[in-house]
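Quick one: the structure is below, questions incoming.
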């Protein structure tokens, strides 16, 4: 197998990329000059050096100061009484962009597919329990489950809610879910009953 | 122009149907037997005979009893203090199916496209004002604007809100909107800030 | 079941139409005036009166002159030595529009799905055999199988070819197929080997 | 800008990749271990070292033997009297996979968008002319233009044909095009007249 084939295989593992597009990536790189390829390899090499996993919320962050936790977890101006549980870093970023959540996060690192036999292997279950136990003894009051409104997202939410229930009862933590309603682009005619019910209940 | 062409033209005016699919409809009818075509023409002829427009909410209804208003408007078990304004009969049906709204409706009969110069020609503006004026003197307390969360739907909502403002102030009517949040199928990563903000605010 | 529901059911049987769009059609008709609905029912009633099935090629045609065969089959300026077999009237129309075929047609009236146990029930098998037998004794020399290049189209072509083989041998008829190559919109990178091979062979 | 952002920007330049998917790639790499990232950077570094551009047909090839031309151009069992002009290496690969072309190639390295003012800047115009001039004096007899059947592909073909005309006349070279017809997946009803005409002409 030559370099083109090997690199094609590597790119085929990228999320959402099939062998054909992977091969296009390789041909694209072949048309770049040597400097541009050097830039790419340096960026990849630096990635793991510069980026760490936060020991509190498990998101990736640029660690300039050799700190074990990220700037959000460290911030004293954020509300430490509420933690939002998300599946992935990209979800966290979407929420941050709204500038309307001031609490902390926890990144599960995955989702739980329906009928998965070992859900604990798909998400950071132990790390979540340990963090909640630890924080509940300090100031944590509410855990928000912020999952996609897809079957897999809802299954993940149910698994996490079940996982946290004993701790929530022990520490009287509130477990809440993102509000349902009509989202941008929604047409009433094509909406399910649940969405419409909630849109009515949450009318403003 | 022969019968095939004429009927193709007629079907081309159906919502969402182009000339090619219209022609397929005609060929489909050509393969039906005479009885089936008679059934179709009778159903079409009966439509206007059987179905009337409610004089209160302007929805289409099957009038068995020569009543001027539909069974919803007539019902004493429904909440006459709240009216939901929808664009079309199909929206009303979607809401009815949820079984979670017990008030009355008003069907605008259309939407107001962005930059439309004569919005009053697109929806039942006069009829809406007359109905609200009339009902506000009786028991009406709240008007819910239930539009699609699309640019055209939002434009329609803004037009109707503006239209109703003087009456709302005069009669201290509340004007409300469907709650926003994540709807079925929503992925957080692809959600706009507005949807996420509202999902957070309306968490449960 | 009221008129709206009955007519919705009828429209749901139209090709490519689901219950939701069928219902939209009904509401669309409800907004038409009485004259427009009369026009529609008359067009439907006239359809079977005006349009007949050609006794030679089995296409639908407007019969002004009480003739048993259509204007194409009747025409002396068309080439009666070649017959193109198509699945549907719409395919025939597509070919006619190109103005590059001057022979006659035969409309099968359907396609043969893969694994169909009674293919003869899906297409006009008997009528085809009878027509070919009859024409082969006159001037017919070639039969062109003009099917969609889809799995169902190819299956139909294979069935028809198999069906015609004995007659073709008996009368030394040529059976041909539409040429393969790149069609409008084709990208080489996404083309199958068969298409590319034929494009090479048929280069011009 | 941190490492995540810089690498996201780099991946955003990959063909068909937007900023969102680029970011997903970065998070994907963050979940890989150090060994896997080393493998990737080595593959990228080796790419330019191992892969060269053929000095005759300008395709990328793995040069094990320090040869200036690729194995296809070098092969004595291939037909040197015909050259197929393609836009990209991926097109060449698609043709090779069919195993039905035994001539040589020339890779233009791009396409000419419609209305492009400097078409010569988009494709290897000079290199093409030089190669054709050189080969025509040896054994070259035919040039096949193998472009996508898209507007941009056809525009590229017209540009190249115009470019080669003087040389073709001087050396009595034949310029040919890929044959048109129905390609896999084609439905007759949705085919353009040109495709159908050619399918008829090339029937077999």
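A few points about this structure:
First chain written, first letter: the chains are A, B, C and D, and each begins at residue 1.
Basically, a residue touches a chain if its C-beta (ideal position, glycine included) is under 8 Å from a C-beta of that chain, and two chains touch if they have at least 3 such contacts.
Remember, predicted model here, so these are calculated numbers, not experimental data.
Listed by label, the chains that touch chain A and also chain C are B, D. With centres defined by CA atoms alone, the chain at the far end from chain C is A. As a whole-number value, the distance joining the C-alpha centres of chain A and chain D reads 40 Å. Multi-chain contact residues of chain A (touching two or more other chains): 88, 90, 189.
Of all residues in chain C, those touching chain D in their complex are 86, 88, 90-91, 94-95, 97-101, 144, 146-150, 153, 176-189, 191-204. The touching residues of chain D, when paired with chain A in their complex, are 2-4, 6-7, 10, 13-16, 20-21, 23-31, 34, 37, 39-41, 43-48, 50-51, 60, 62, 88-90, 109.
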